[in-house]
Amino acid sequence: MRPENYQSVNHPPSNEFELFFGPNHPGIEGNYALKVRVNGDEVTSARADGGYLHRGFEKLMEGRLWIQNIALVPRICVPDPVPMEVCYSLAIEELGGIEVPERAQWIRVMQLELSRIAAHLFTFGGHAATTGMYTPMFWGIADRDLILDLFEELSGGRVYHIFNIPGGVRRDLPPGYLDRVSKTLDYIESRLPDYDNLLFTNKVFVHRATGVGVLNQEQALEWAVTGPNLRATGLDFDVRRDDPYLVYDQIEFDVPVEQAGDAWARALVRRSELKESLRILRQVVAKLPSVGGPIRAPIPNPLAWNLPAGDVYTRVESSKGELAYYVVSNGGDKPYRVHVRGPSAMHAVQVLENLVTGARIEDVAQIMFSLDACPPEVDR
Amino acid sequence: MSTLKNIPVVSHEKPSGGTGNLLANVFDELMAFCRSRSLFMLHYCTGCGAIELPPAMTSRFDMERLGIQPMVTPRQADILLVTGYVSTKTLKRIILTYEQMNSPKYVIGICSCTVNGGMYWQSYATAKKLNDYLPVDMYIAGCMPRPEAVIHGLRELMENIKKGESDNWRDYYRRYDHYLGNQQRLFGENWQTPTDIIGEARHYDLMGPETLGPHTALLEQHQTPLKPFEMTLGLADLPVRKDEPR
Amino acid sequence: MTSLDLLLILSGLTTLAGFAFGNHRAYPWLAGIVLTAQIVILASMPLPMAAGFGFEMFGHPVGWQMDGFGRFFALITLGAALASVAYTGGEWGERYAAGGKNLRWLHGALAGNVLAMLLLLASGDLIAFFIGWELTSWAGFLLMAQGGERALRAAMRYVPYAMAGAMAVLGGLVLSLTWTGTLDLSQLVMLVPGLANWKLALLLALFGTGFAIKMGLLPVHLWQTPAYAEAPGAATAFLGAISSRMGLFGFGLLLVKLITLTRLADLSFIDGLFSARDLIEWVAALTIVLPTFTALKQNDARYLLAWHGIGQSGYMLLGLVIGDATGSAGGLLHVFNHATYQAALVLSVFAVMHRTGTADLNSMGGLVTRMPLTFLVMLLGIIGLAGLPPMNGFVSKWLIYRSLMIEGRPLLFLMTVLGTLGTILSVYKLIHNTFLGQLRAEHEQIREAPWSMLVPMLALVALAFVTGVAPGLALNYVNEAQAALGLPVMAHTLGGVESPRGSLDMLWIVGVLFAGFGIGALLFYGAGGRSKRIHQLDNYAGGHFLSADVRYQYSDHFYAGLMHRIGPLYRGSFTQMEAALASANDLLASLMQAWYRQAVPALTLLIATVLGLAWMIWR
Amino acid sequence: MKLSPTSNLSASLEFLLQEISGLRSQWKSPRRLRVDLQAETLPALIELLKGRAGFVHLSAISCVDWPAQNEFELVYHLWSYEVKVLVMAHIRIPRDPGIYLSIYDLYRPAAFFERDIHEMFGLFFEGSPDMGKFILTEWDGPPPMRKEFDGEAWVMNQFDWQDYQPGWLKDIEAKGGGITTRPEDVRRDKPKPWDEQS
Amino acid sequence: MNMIELLTELAVMPLIAFTIGLFMVLMMRKIAAKIQRRVGPPLLQPLYDIVKLYAKKTQNSHGLVHDIGIIMAVGGYIAAETMLPVPGMNGIAAKSGLLALAYVIMIPSLGLALGVGQCANPNGSIGIARALTAMLAYDVPFVIIIFGASWFYGSNNLIDIVAHQQAGGIATWGAAKMPVLAIAALFSMYAMLGKQPFEIYVAPAEIATGPMVEMGGKYLGGLFVMQCFQLFTASAIYVTMFLGGGENWPFFLVKLFAIIAIPMSMAFVFPRYRTEDVLAVVWRWPVLLGLAGVWLVMH
């Protein structure tokens, strides 16, 4: 199969030309591509091109045991892997009717929020880098590393933890762990003013980000935008609060909302969310010592574990938006069908194509990064 | 070519052969040293291992102190980091990108998936063995390797470059037929990249015993030749177009 | 018979020969030889040189006399004509004739233009001047009208302008006769500066309007672009190089010689704050900036160059009106310099058109591999047009900048530099969209332009380069012109200017520049590794395979970022002004044409002229 | 009747759903309602849910392959921001010819999911704006998510495996970082199909 | 001055400029590293990069003009360096002057523009279009400043300008006599360097490094050399015009590095502007300051 055509072709007269954003382009997140037609510096049409990261997860999962797939799912979204594990575990638990012990639930919440902070720190850097400011990226990724250190201590893995298993979590917290968590939280909180000074009050950055990729609430609902991108258009909705899972209904937190719906509003929502995550984590750290009990519900021999037939749709709020798993069991030891609904499947394809059309090439990269799209979720 | 073990492995000439004049050797050493101390890596996140590169580049591990910095386009870059699984679609782009890079160029396979498919071994979409398609200089195993491991691997590559040992890029020219054969097997017979590898091998005197072979013959049969437009006055060699505009 | 007579006779004979057998293969050779002979005669002519003939009209002697100022322009005219004839002589002319057009008319009109201009440039009194002026206008019209349907329409648009200009000049002529009682230039020079201010202002307005129209000064420049751009190639080059400079010649006579710059500065509109001289300087400055930035928006190479032609004339007038030794030398030198590179640029654009059939900047690209010599011509031409070293355009602009600096005119200086910067932007677009980028499939079989077209182009850029390296060669003639106008004469060396306040030695600058290029080349080819040519589709496309059906060439809306900032200016005041002017124009033109269609145009004008003269005598 | 979150949620939603004939509904949890219905009535249900109950958010469309029954199961997951309930509408359509109606005119996001299902299962949606390829543009095998496609066999046929390199493990243990590869190390040593013929 | 001396100067001046430029590049990268809280490159990193790039084994050329563009870019700066007086060496400064220098340093840009155009990549062409727009932006205040300075010193000759300033110590420096113009010039020089927020033409995330998109090997190496020269030239012009030029080498070096450090330490905390914003910013403050400075100088 020949990839492209090299025969000479007479072009019809046109004022437009094509530009390729990605897959090998710093203006694109991950291995993904956006082909745009441009006139001058205005994009007249855009087409997303995915599949570079396609591994056929859904097919792979049908060929592996329920428990084996736990190792597979975090790979679906690399920057924010914990929600993947948790969401998949929740699905199995619901199918198998397993009650997760409370302590395990709190530990899961802790991981989820740590992962959210890490992902947001990563996103700020990326967003700033698309506008040519690299310092927030350098700072953010270095600070994110501290959270990865926490994960490493907890699970042994910096990025992929495979710590949540059906029924609970793999191990209990190491001694003194919560102290280290709160120290890291203190540190990150102390860094927030620096980020504000560098990025969020930077006049040039505000100028660059305002009015870019504007999405109003109707459009956002029409295109199934979720997560921070939806909240940046003024809709007050968060899966954690409005379709609660784990112990989020026992935790006090606000859902930050912005009205403008542009790249700047999205950045602001993430910044406020980062603070809310810190607040949640403080509550978790305060609560965890008082929650005793096991960390894992007993499950049958996982190598010969037949889950009852049925289907379930679980969803969680990842840092990108609404993440959902549709899991079908036919009573066997392997999933019959798993469908992963990543939030970026919407953001990186239809929303991106629509926002980029009519935008200027200066803003294409910024739009993608401000949507915080994660290509592996699209390609799976 | 029935017994593959008998294919001679060409041991290429070492720059420090001991022969020739001293000055040339010193010059070569200097080149090798500068090459090892200045590595531009291509900004191409081919897979999930790319998530450990930002930490390796940024404030905590700071690869710039080793002279390693990211570059945007293949023309500018020296190292192609293949970070993790390569889906077939990506593999085509990686080969295109690799061929567009200027030699000396180095391929580093990061993550287990590049070695043998990793945990996606049964996936229909990912290629399993990167060194079938590209000459890999260095594998960094792990899922995914920590930044320390990445940096360690890069330092080792730097050592190899300094010693003049890491020149698998020559192998791509010398055994192009082999690599092309594997590529054709995966992508189909009429697979063609815009870069003329055989022409380059001829131009830079990098031909080897296996540069040409059955697969390059197949390529010549199927390809659309992409000869560069040479600057020409065109008075003699080009025919007058009949439909030359008035 | 004086040598001026010989010159004019030769010119007249060429015209006749052009109309009679311009389509013959031998004509270009003949015309080339005769033009060369004319150049030799002119260059070796002792000055001032009076014509041996003359007549009396209504009691006023009519005679011709060539001085240094006229000779400077006349040399450029003959040179431009020579290049145009040579260009037309080969394949271009054959195809022109094969396309059903009349080569005799083209050659005849071209030679007629030369004759008319020589008559104008050698005029010794205002009647001779007016005769030359009229002939120039009509010869110009004839030349513009050769290019076919669109050219004719553009030329028709020129007619009302030309007639209005002629009327204004005639009016000025009548008034000066009324007020001074003479039409002889040598006497007028003494009498005119003594006139009252309002009389001078009126003279300035009348003559100035006529000259401004010919020169394409703001705001009466609108006729020029289409008229010049749509003319056939060689004619466009000739017109662009010199034709509109006749207006500058007029301005030189009027402002510097007759009214004198000091009197001009006395004509203040607002007491002591803004004089007629300031007005002209600002008109010149605006003529530099606005047309240049209009050129930036053009998508047709010919129109782009035509707009630049208007813009560059602003430099000449500005330099002349500043009037110090450096500035006027710069202004006058710019006439010559502009003629060399503008003619070369226009010819190269038409050479590309000859091969590709289009001048649309959006449907070319990558032609450098196919037409390398034409590319070289255009490259050197745009360096000259942009006023960068080592071409001659830099020297004349440097002189103008320098005099503005010495005279302390920061805003005018800013305007001139702004014009230069705008020019750089727009000419890069020209060369990029034509020669660089992706070669289109339909142009893969294109050949280089034929030698008959290349030789004149190369000769012109060679001249532009040589006079850039050694501007002293051209400055000799400029000094003569300055002397003839009564301006201070600028001392110069072969390489430029020697001055305690900052010298310019182009010999050294160019020498060092080329030494630098040499070292750069040495580094590049010696120290750097070998390189290999690659196909244009072997290109970075974000990791994609670039295929031939993708249009991968940035051409339209080239300075999009800039236009986001200054685009509203085009849309706003500037276009409104232009639209208002255009509609006023069209009204005038339609009125004129309505009246004009009923009679043979020349006849109408003849009647008008005769009536005017009769009134003048009879009064 | 307009649904409001204050009313008795399950009762009023079920009341609303009674307008669709042949529909079975089942509450799986307080916020999950499973609905089974005939394929022909799905557009009516969706119109009803979107128009009258504020189910504006199409969370996903999932497809399940049931080769034994020779059917595809399509599941439409719809969420209402107002009543905060997720409705999962299950329909079954025959595998042959595998054509169904698009709901793009009601839900824009359907375009993505329908294209995805078309690629992965080969199920065609009439009226969907783009049934071209997106992820599998360079794939010419059968739709991979169908149960009869054996991915593992395909892989075994298509790819080679890395040979066992005991030295590499030692390398890693000794140095902790990269494995230097040389052309000699990674020589192919098992015959390729195309080599056997000679 | 005899010919041999002059020719030696002509050969040595670009070399010195290049060496200083290398360290300026290093300083820039070190400053970035400090702001980004990391170590940064080793001492000779800029040199390693250039040597490596020139020593690439295979290189891709898109045609002769691609080559010529790089030659012009490097050669033009080599020529420009001989027109800038440094302590002890005047080169041909007396024969060219400030105005000619300002135009000679456009030659490398033009060369680069041609080379990039020949690369046949729209990313590069957009980059050049933006670079030329940026040039239009910063050259407007720059020429106003040139005008003011040359009016004030009464000469266009850089040697005279330096001598004039060195006559009375710091009090006669241009910056002391024309503070407003000096500030405007600093602004304009910042824009000329093309660092953030004026980095519109490299813009990796937008147009994949624009002009450099198809440059590899010695082509990119040529651009790196050009960057060294560019940093030196910008700084040296400023020092010559406003900071008394070079009395002796130590002072001259201190001034050069101090001046170039100002934009460098600001650049890394800004994103880049859009193209039209660059025009708006540079055409507002530096131009107003420049015009005010010229008015002050002339009255």
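By written order: A, B, C, D and E. Residues from 1 in each chain.
Just so it is clear, contacts are C-beta pairs under 8 Å (C-beta built on N, C-alpha and C of every residue); 3 or more make two chains touch, one makes a residue touch a chain.
Just so you know, these numbers come straight off a predicted model, no measurement behind them.
Asks: Expressed in steps between touching chains, what is the minimal separation of subunit D and subunit E?
Replies: Minimum step count, subunit D to subunit E: 2.
Asks: Would you mind naming the chains that touch subunit C and likewise touch subunit D?
Replies: For subunit C paired with subunit D, the chains in contact with each are A, B, in label order.
Asks: Can you figure out the chain closest to the middle, judged by Cα centres?
Replies: Chain nearest the overall C-alpha centroid, as shown: E.
Asks: If I rank B-E and C-E by number of C-beta contact pairs, which comes first?
Replies: By the number of C-beta pairs in contact, the winner is C-E.
Asks: For subunit B and subunit D, what's the span in angstrom between their mean Cα positions?
Replies: So the centre of subunit B lies 37 Å away from the centre of subunit D.
Asks: State, to the nearest whole Å, the distance from the C-alpha centre of subunit A to the C-alpha centre of subunit B.
Replies: That gives a centre separation of 33 Å.
Asks: Return the distance between the CA-based centres of subunit B and subunit C, expressed in whole Å.
Replies: 55
Asks: With centres defined as the mean C-alpha position, give me the subunit A-subunit D separation in Å.
Replies: About 19 Å, centre to centre.
Asks: Of all residues in subunit D, which are in touch with two or more distinct other chains?
Replies: Each of 137-138, 144, 149, 151-152 in subunit D touches at least two other chains.
Asks: Quick check: what residues of subunit A touch more than one other chain, meaning two or more?
Replies: 1, 3, 6-7, 17, 19, 23-26, 41, 51, 54, 56, 59-60, 63, 138-139, 142, 379
Asks: Residues of subunit B touching 2+ other chains?
Replies: 43-44, 58-60, 72-75, 89, 92-93, 97, 100, 122-125, 194, 200, 204, 226, 228-229, 231
Asks: Among the chains present, which pairs are found to touch?
Replies: A-B, A-C, A-D, A-E, B-C, B-D, B-E, C-E
Asks: Using the touch definition from the top, list the residues of subunit A that touch subunit B in their complex.
Replies: Those in contact with subunit B are residues 1-3, 6-7, 23-26, 30-31, 51-56, 59-60, 63, 71-72, 75, 78-79, 122, 125, 137-139, 141-142, 144-145, 148, 158-160, 376, 379.
Asks: Residue numbers of subunit E touching subunit B in their complex, please.
Replies: 29, 33, 36-42, 45, 47-49, 51-53, 55-60, 63-64, 204, 208-209, 212-217, 219-220
Asks: Which residues, counting only subunit C, touch subunit A once they are in their complex?
Replies: 360, 362-363, 440-442, 444, 537, 541-558, 560-561, 563
Asks: Please output the residues of subunit D touching subunit A within their complex, sorted ascending.
Replies: Against subunit A, the touching part of subunit D is residues 28-29, 31-32, 56-60, 62-65, 75, 77, 81, 84, 86, 88, 107-109, 111-112, 116, 120, 134-138, 140, 144-145, 149, 151-152.
Asks: Where on subunit A is subunit D touching in the complex?
Replies: Where subunit A meets subunit D, its residues are 1, 3, 48-51, 54, 56, 58-60, 63, 94, 221-224, 226, 235, 237, 242-243, 311-313, 315, 322, 324, 326, 328, 336-337, 339, 341, 345-346, 349-350, 378-379.
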